[in-house]
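Each chain carries a letter (A, B, C and D) given by its place in the written order, and its residues are counted from 1.
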Amino acid sequence: MMQAGEIESALSDLVIANRILANENVVDAYGHVSIRHPRDPQRFFLARSLSPDRVERGDIMEFDLEGNPTGGDARQPYLERFIHAAAYAARADVQAVVHAHAEDVLPFGITAAPLRPVIHSGSFMGLHVPVWDIADRFGPDTNMLVTNMEQARDLARCLGPNNVALMRGHGFSAAARSLIEVVRMAVYIPRNARVQMNALRLGREIRPLHDGEIAARDLGYKPYSLETRRAWRYWAHKAGCAHLVEEQPVDHVHKPWGSE
Amino acid sequence: MMQAGEIESALSDLVIANRILANENVVDAYGHVSIRHPRDPQRFFLARSLSPDRVERGDIMEFDLEGNPTGGDARQPYLERFIHAAAYAARADVQAVVHAHAEDVLPFGITAAPLRPVIHSGSFMGLHVPVWDIADRFGPDTNMLVTNMEQARDLARCLGPNNVALMRGHGFSAAARSLIEVVRMAVYIPRNARVQMNALRLGREIRPLHDGEIAARDLGYKPYSLETRRAWRYWAHKAGCAHLVEEQPVDHVHKPWGSE
Amino acid sequence: MMQAGEIESALSDLVIANRILANENVVDAYGHVSIRHPRDPQRFFLARSLSPDRVERGDIMEFDLEGNPTGGDARQPYLERFIHAAAYAARADVQAVVHAHAEDVLPFGITAAPLRPVIHSGSFMGLHVPVWDIADRFGPDTNMLVTNMEQARDLARCLGPNNVALMRGHGFSAAARSLIEVVRMAVYIPRNARVQMNALRLGREIRPLHDGEIAARDLGYKPYSLETRRAWRYWAHKAGCAHLVEEQPVDHVHKPWGSE
Amino acid sequence: MMQAGEIESALSDLVIANRILANENVVDAYGHVSIRHPRDPQRFFLARSLSPDRVERGDIMEFDLEGNPTGGDARQPYLERFIHAAAYAARADVQAVVHAHAEDVLPFGITAAPLRPVIHSGSFMGLHVPVWDIADRFGPDTNMLVTNMEQARDLARCLGPNNVALMRGHGFSAAARSLIEVVRMAVYIPRNARVQMNALRLGREIRPLHDGEIAARDLGYKPYSLETRRAWRYWAHKAGCAHLVEEQPVDHVHKPWGSE
């Protein structure tokens, strides 16, 4: 019972995450978000090939860490599911992954200028945001998509211990210790990118966040604090699925009154 | 029966295309999209003079490749229908044409900077995007509109074997081997343009797509793959005409489970 | 009867114009649009002090060319109604006036860079767009608003024979030979401004419209052509007042089938 | 009776202010607005920890000028309520405070370029907009949030007699003599920021407002004039709470017919 409830709660959150990312223009018909199976770290959940704004509970499939559907599920999966599989395989701490093509992040993937936290809501992308270029290892003739485990493992290596990797001419992949955190990053990374680009209009000297500020914010982060859930509820409400947030059984909401 | 069904299916898709382009801000009251007649390559379909967001099945007219309405249809056509006629006349491979004034593409038509694919969703515009200047051949005193076949043929010559031609101070025209593809280009070209403009804020060195990447993506493109139709459905849903997509008879949807 | 119908038709159009300008973000709570009285050139119509998105038929007041309400109408008028009065007094050809603060036009009022037509839909602002600085004649201590006839006449002098004058740090005023035309200008001027600003990202060499192109477009303009009314209907539809367009008695729509 | 009515009217306005700021994208899930208690200058009103778009009358808490909830209210307050407490404590003239992270203001907090009034609707931010950097006094290892009175007092000192202080990498805080005024500032400051940034594209020479213009506008400002309330009603209408504006008892609306 407990386990079933926990999984249902996680899948409900995954539906919400899909809708939020669509409504906040982080994804359009393309891009996807996954969570690791709460009870089996060798599995993860990801929707079948469908626009995130249309994903419902029944559209979610289970995969192993090679990107293969489990249990003989024959539905069409996303072509780039391997991105998720490789991130979970490489990093035991990762509980949720987003891959998206958010427009305002893309300029940083095609120039030498590093994307970095310049506003406090962007701090969670971390000190260093590497850029992965598929052509470096797979040559200049790919279709740019990550369509097998070899490519996905190379991307995971580039990501390393960081939270976000840009993908040249394509998008970004983000990994986090909770679904709420990866969604928050995916929403605020484009905002940080816009602020950073606009600041460049005003002069080349930008004061980014201090390393200590990034670290302090990271240490203080609590995914189930009231402050953190406030944003989740806000985005869910805007995306028309506040009812899914309300339905969530209270006993699976850990630490509802964070001390943050 | 088969033929009638195929034509009805094509016209239904053309209505959807009108609505998508309007909803995605590719067109406003002006701009238009056409398809070649599926059974008669000397004919094409295009709405009467109407805002694309209002186009319904009954508003679609048939034209010959000189831009004349067929069958004595006396309704008012678009002034610039010749753009479509000349594109179909010049290129047997072209099945669909869009002419639009999407704002973020316009800067590339009035400067020397070439628009080129810098993101993977922009790859379908192809390696080279020529700029057509009506004044080059028709002088500096036109009203800038393409209002006869002579002007339209000149534009088609400039387009050549490419997928998109910019029109100085006016807009762009795109031609493709399927309606879904031309709509996709028309939506993603402005996005590519914005990313390219924003990247310039970050420094002059931009890494565009490799020629091999553009070619690989072009080769792999399948208009009726699940991946491709996903975007079509997504845009149709946002534009309030998902019901038209659902209505479409299944037997006219070729290769619904693409291997892409 | 004829006269009453003509005036009612004009006032209905003025309501639509208010709603369009609000919906297209040309005005917010501030900014206004007027028409000259169709039968009495010494009078003009303008709403009482109200947000344009809320203006209805009963909110429209009549003014003389000194900006005084006629017939003892004691309702609160707009503070800057004098802009309209002075434009009608100075220019017999002007039938409609817009004053607004559209954000993307404002940068051109505070720098030396001239706003000029660079896209065909921007052609109607004309070859020359002067900038009026209230401080030039009224000193650096005004509240920047045009609150009397002396200031308004100075602005009208700056406007001269042109269609648009920018107002430093404030907005713009546009004057045209028809309501449809002034609304169209007010919608497309900000678009032209954005394209011009974005083109500057791509390099300093911009190819604006040729003088002959601006003149040809101006000569060919017909406010009641089908092409022109198409945009009016489109914007009205988006603004939720398509029903007002439909209601309009056909016998007051001159030249419905323009040859443009 | 009178007092109760006045307080209820003030709290109703505070609910409207929350909704307006959310709808105008000044705040998202984060950011907040407060008013000083109309009868007890040692108290202020601020919502409990909740997204501003969801705030209702029952969510508003009362605080003392140390940021402590009064009357044993045990609900979770905003972490940064101290910003408000310190502003009211330092400035007897301040009646309302906004703290927000509006995206387009943020670039000015991380560069040396000063934000300053360049459009008339931005005049109310005043001649000088200081930038507060939390690291100057509290070091480079904070989480950047203002979470105690010591930090908040330092911010209030930086604000000094000005209306707005930017907060490096974080947002801004604005203080005004009325709620309507602080909301207006919060909406128009980002617009002024955008115009200022865009003007820089056109050349480095920007003509900002004259000091005398800023002063004249400030002197003429009347929070309850018809002109001022027009914007309030407009924003409330857009935010879906026009009904709250209408409900407001007329006898608590001071000076409804301003002579502005």
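Please note the rule applied: contacts are C-beta pairs under 8 Å (C-beta built on N, C-alpha and C of every residue); 3 or more make two chains touch, one makes a residue touch a chain.
Bear in mind that the values here come from a model prediction, so they are computed numbers and not experimental data.
Chains that count as touching both subunit A and subunit D, per the definition above, do not exist in this structure. Rotating subunit A by 90 degrees superposes its CA atoms on those of subunit B, with the angle stated to the nearest 5. Taking the mean of the C-alpha atoms as each chain's centre, subunit B and subunit C sit 33 Å apart. Here the spacing of subunit A and subunit C, counted between their Cα centres, is 47 Å. Listed for subunit B are residues 201, each touching two or more other chains.
Chain contacts here close into one cycle, and each chain has exactly two touching partners.
On the side of subunit D, the complex with subunit A involves touching residues 28-30, 49-51, 53-54, 76, 79, 101, 103-104, 106-108, 110-113, 133, 135, 139-145, 168-170, 197, 200-201.
Subunit C contributes residues 118-121, 123, 191, 194-195, 198-199, 201-203, 205-213, 215-217, 220, 226-227, 230-231, 233-235, 237, 257, 260 to its touches with subunit B in the complex.
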